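One chain, chain A, links the two complexes that follow: it is found with chain B in the first and with chain C in the second.
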Partner chain A sequence: MSNSTFNSPEFNKRLARRHAAERRFKLIGLGAIVISLAFLALLLFIMMRNGLGGLNWDFLSGSDSTDPHVAGIWGAAKGSILTMLVTLLLSFPMGVLAAIYLEEFAPRSRWIELVEVSINNLAAVPSIIFGLLGLAVFINTLGMPRSSPLVGGLTLALMTMPVIVISGRNAIKAVPPSIRDAALAVGASKVQAVFHHVLPLALPGILTGTIIGMARALGETAPLLMIGMRAFIVTPPDGITAPSSVLPMQIFLWSDEIDKAFVQNTSAAIIVLLVFLLVMNGLAIYLRNKFEVRW
Partner chain B sequence: MNETKLIARNVDVFYGPKKAIDNVSIDIDNGIVTAFIGPSGCGKSTFLRSLNRMNDTIAGARVTGEILLDGENIYAPTMDPVALRARVGMVFQKPNPFPKSIYENIAYGPRIHGLANSKAEMDAVIESSLTKAGLWDEVKDRLTDAGTALSGGQQQRLCIARAIAVSPEVILMDEPCSALDPIATAKIEELIDELKENYAIVIVTHSMQQAARVSQRTAFFHLGNLVEYGETSEIFTNPREEKTKDYITGRYG
Partner chain C sequence: MIGLGFVGWFAARGRARLLYTGRGSMHSMPGYHGWHMALWILVPALLAWAAWSAIMPGLVDGAVLADPIAAQLPDGDMHRASILADARNMAANPDAVAFDPLAQELAVPMRAAQSRFGMIGGILVLIVALAGGGYGFTRVRAGFPARTHVERAVLALLLIASLMAILTTFGIVASLLFEAGLFFKDVSPIAFLTGTHWAPGNARGVDIDGNFGAVPLFWGTIYIGAIIAMLVAIPLGLMSAIYLTQYASSSIRKWVKPILEILAGIPTVVYGYFAALTVAPLIRDTAASLGVANPSTESALAAGLVMGVMIIPFVSSMADDALAAVPRAMSDGSLALGATRSETIKKVLLPAALPGIVAGVMLAISRAIGETMIVVMAAGAAARLSANPLASMTTVTYQIVQMLTGDQEFNSPKTLSAFALGLVLFVVTLILNIIALRVVKRFREAYE
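Let's look at the complex of A and B:
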């Protein structure tokens, strides 16, 4: 009985169709990957062709100039580094503490639900709005120096923090409750259970989210336009309050120049920015593997 | 010396509006093993967790009535649940060692309570805890190995050693063998039998055979009520209540 069912022409036809569907899916999936990677390859190829010639020590160590052959990237790169430092130092501790509080300590209430919704919304707010907020609060109200990595970093920290909170909460949620039980049952306080056991286990996930948020902040241009970081800066900033530019802003400014020679500078700057991103992502993977606990 | 260690009087436990334990009163003695048995969802684990206030961690859980440890109400405002849990330890259903070394698993409790003042003292605590848990000979040469790399039965004995390390007076065990094979189970039962000399032990179990083997007293729970409580031998051979009889003869479960 069963033999005849599984040998019938009907069954074999269905089986062949099922296998064909599987082959089709694999092909389509592969196609999707090839197309997206092809664009990345094309971007890299164009950037390399246009920009590699301009990548030399003078370019890497110089600052902006009206003369494309003198103009360099270090001023903007240093601005980016300082801005990112301010962003990281603010958004990481704040984001992690907020995530811990919301996930482990906050009582379930309407009020907390509102906070959660707000944070999720904050992560989706267009970045230019954060730029306006930074302009209004940090520069106009608090009187911080315009165009500075301090204000840029603060503004980007506002943007990055919700990303860290969300990824942090997910990482904390993924730690099995049995670990908390174990710590509490030997008489650890709630704070001890969280900081001694939950947080170390959640750290790889939190770090991954942090680096993703930081990488996004590194590429942001719009909010920094609003706070004046598009100034023409001929000397690298010597501190977080000095006027400064950042890498994506420099790319934006150069791409707007009329002089053809700036095309090479733009491409070279893009290569530098991509290397920055690559280093940050590499760091994320390294840190994740280093802190990951297997059990 | 069978003095009473824990006294529960008219205890109700609620999860939100739902009453999970209804008016339970029970005395638990030192130096013996007390087993809680009953069908799934009867509240035996809930009641166990109220004995060291682990229910505090569950949102919406509420306990009324009195639970006295050496005459002191553990739900009184003056009772610190952190200090209480150092005195009333717990072993869980699924072995849950910290993802750290064997040594660190046991050292954690004594360290946060300041029970060992030097490396030598800590080493002594580790050795005696592992010895009491019957694990020392198996792991003494690899104390720095991950606790999670041990077998299931060894992990559970590690968890027992971890509980012992803070010198509790009572050890609560929530179905400690349900994730273990029969050989590992036999070892844990042997261990429970040895440990009862020095602690009041309360064990929740699904297995009536296990209750019969390891306990001296048995409490039968059904639908949040304590139906019958008495000497284990009495409960299993001559239960007073019809419900108990039906349960232990396997009519329902």
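Let's look at the complex of A and C:
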């Protein structure tokens, strides 16, 4: 190898050009991240600037009103809580039981394959389609009360269940077979092995998935718009069949108001919603870190 | 009833305990006998209750119609049914105000009939529960395999839960097809799918076909969701995935990735508000200062831009997975030959990961075109075929919301058109998802 090939000016120039291209590429990558994060920061900053001034006890404990200075968030928050309660009570047991069945008991058959395909697809169906389903089935066919947390919760439960099933299956799959084998070896039945040994070990993972699914449901607006949860409600709902609003819907309704003073309300409501979501996601991360076992 | 179940559980367990005479004397643990008994009480009772609630309204109506006041009811079926519904409402809720004085009068016998049949139903359910419990109790024996029976019931429950998914899918398809079918009775599917004029407001009588042309909606959806949003999301998402997986140190990666994921966790209504409050006016003012005449506040650009940002983490994590699936030996080989990192990424990694990335982009598109709140709040209602990003444009999801949130009667073609649009949206996203999932699967297998 002659020395001149690696020391010629052309070679050095080419090398410098290639290194410059390398640096440029790296900078573009960094730039992409910075732009994305800057957007997030801008969004949070604008909501804070507009909304922090409106956060006070009256706002947190009041209900919707045509007067922006009186309007508060509690009515919608209570609606959200009731809706989430219905969603959780339905989607969690259903999702966990379905995950257990599919992961531990299901025979390999065409039917089960159909179930799996439909769960994977349901997880990717646009949320507004679930709203159309809720409107057509729960309200028009079964005659349940419009705008109620019951119907909202049912609709969101159908949407959340696939998420719980998928994360539940992953959590159950992560429990090593030796646990099952040990239980079976000392005479437990298959059902006992699963319910007494596999499920408790998989539970943190399932709960993490459930919380993430619930956080998604809490921020969801479009399906609830379909089932009419956009009514103007001045009193907090007293039950799951009373007409009600939910937090994201309140944000949507206020964002439509002409009165400039509602900008503050909307932003403050967004802060409240984001805090809720942050707490839920934080809880999910905490659960995962605290209870996750690496086998 | 649950109390009764508890009683049964304790009774059977207690009796089973008495039967225990030493190791191996019984097939099942006493607790299983308890569960077996509780199931025998609860399941038949629940079935009886469900059956009774299904037939009770008919019996109540029959009793009310036999009442002398009911003789004044008009003959028309619809009117009759509406007065009865009114009376039912009155009976359930004493504060309600009836539209018809007749309903007011009927509420009294209605309430009486309801309480009478409710009582009969309650007694019936109780008898069934006791009979089931009695049968269950007689089966508590040392040799009785209670555990096997209980476990069979548990498996049935699990199976039912997993069938819910199919039921949901079936429910979606059935309701969309049914309502869209009603719509296509009035409007020809060809006019709907190929027409270019969308004005459901003036759709009446003969020219109904001409006003339900959904092409501008499809165009708006594709333009905002698949073009503008992807122009934002693909470069930013892909480049951040490349930087995070190839350049960033693991400590930076550990911090930046979750923060980036926050973008995906923010509710869409917040993005919509941000788009309408900040991004759209910004774009309008910029356009105005650049000399564009009368830029509108609602623009396809604002909605698409914000939607693109929302999709970034999604594209980024899909690209992340695709890049991670490429075997290390491939990039190591390229680096060993003297290629720089960026050359390796561009010439080796990206081509190898391309199928996975394309599948990820398809999933991202399917998510973007189904997105509702951002376009509802920022894109506008005008259905037009235009390539101008500053024009206000409408999408399929926007129109679904628009058609269903007004106060029209339910069966007008206008409201039904929402279900036809929903059907199109469902089919398109389904196809995108199925293809993408299949590509991802094949791509993974290729490198395993």
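As a working rule, the second predicted complex is superposed on the first by the 248 of 295 C-alpha atoms of A that agree within 3 Å, B and C clash if a C-alpha of one lies under 4 Å from a C-alpha of the other, contacts with A are read in each partner's own complex, and residues count from 1 in each chain.
Definition applied: a residue touches a chain if its C-beta (ideal position, glycine included) is under 8 Å from a C-beta of that chain, and two chains touch if they have at least 3 such contacts.
Treat the numbers as computed from the prediction; the structure is a model and nothing was measured.
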Which of chain B and chain C A:R108 touches, first, second, both or neither: first
Partner chain in contact with A:A16 - chain B first, chain C second, else both or neither: neither
Which superposed partner A:V293 touches (first chain B, second chain C, both, neither): first
Which of chain B and chain C A:S189 touches, first, second, both or neither: both
Touched partner set for A:L201, first chain B, second chain C, both or neither: first
Partner chain(s) touched by A:D181 [first = chain B, second = chain C, both, neither]: first
Contacts of A:L85 with chain B and chain C, given as first, second, both or neither: neither
Residue contacts on chain A - larger count, chain B or chain C: C
Interface residues of chain A shared between complexes with chain B and chain C: 189
Chain A - residues contacting chain B, complex: 107-108, 176, 178-189, 192, 196-197, 201, 293-295
Partner chain A, residues of chain C touching it in the complex: 147, 151, 154-155, 157-159, 161-166, 168-169, 171-172, 175-176, 178-179, 235-240, 242-244, 246-247, 256, 258-260, 262-263, 265-274, 276-278, 309, 312, 340-343, 345-346, 363, 366-367, 369-373, 376-377, 397, 400-401, 404-405, 410, 418-419, 422, 425-426, 429-430, 433-434, 437
Chain C partner contacts - residues on chain A that touch it in the complex: 18-19, 21-22, 24-26, 28-33, 35-37, 39-40, 42-43, 46-47, 50, 93-95, 97-98, 100-102, 105-106, 114-115, 118-122, 124-130, 132-133, 135-137, 140, 158, 161-162, 165, 189-191, 195, 215-216, 218-222, 225-226, 228, 230, 248-249, 251-252, 255, 263, 266, 270, 273-274, 277, 281, 285
Chain A contact footprint on chain B (complex, rising order): 52, 54, 57, 59, 82-83, 85-86, 89-92, 94, 96-99, 108-109, 112-113, 146, 148, 159, 162-163, 165-166
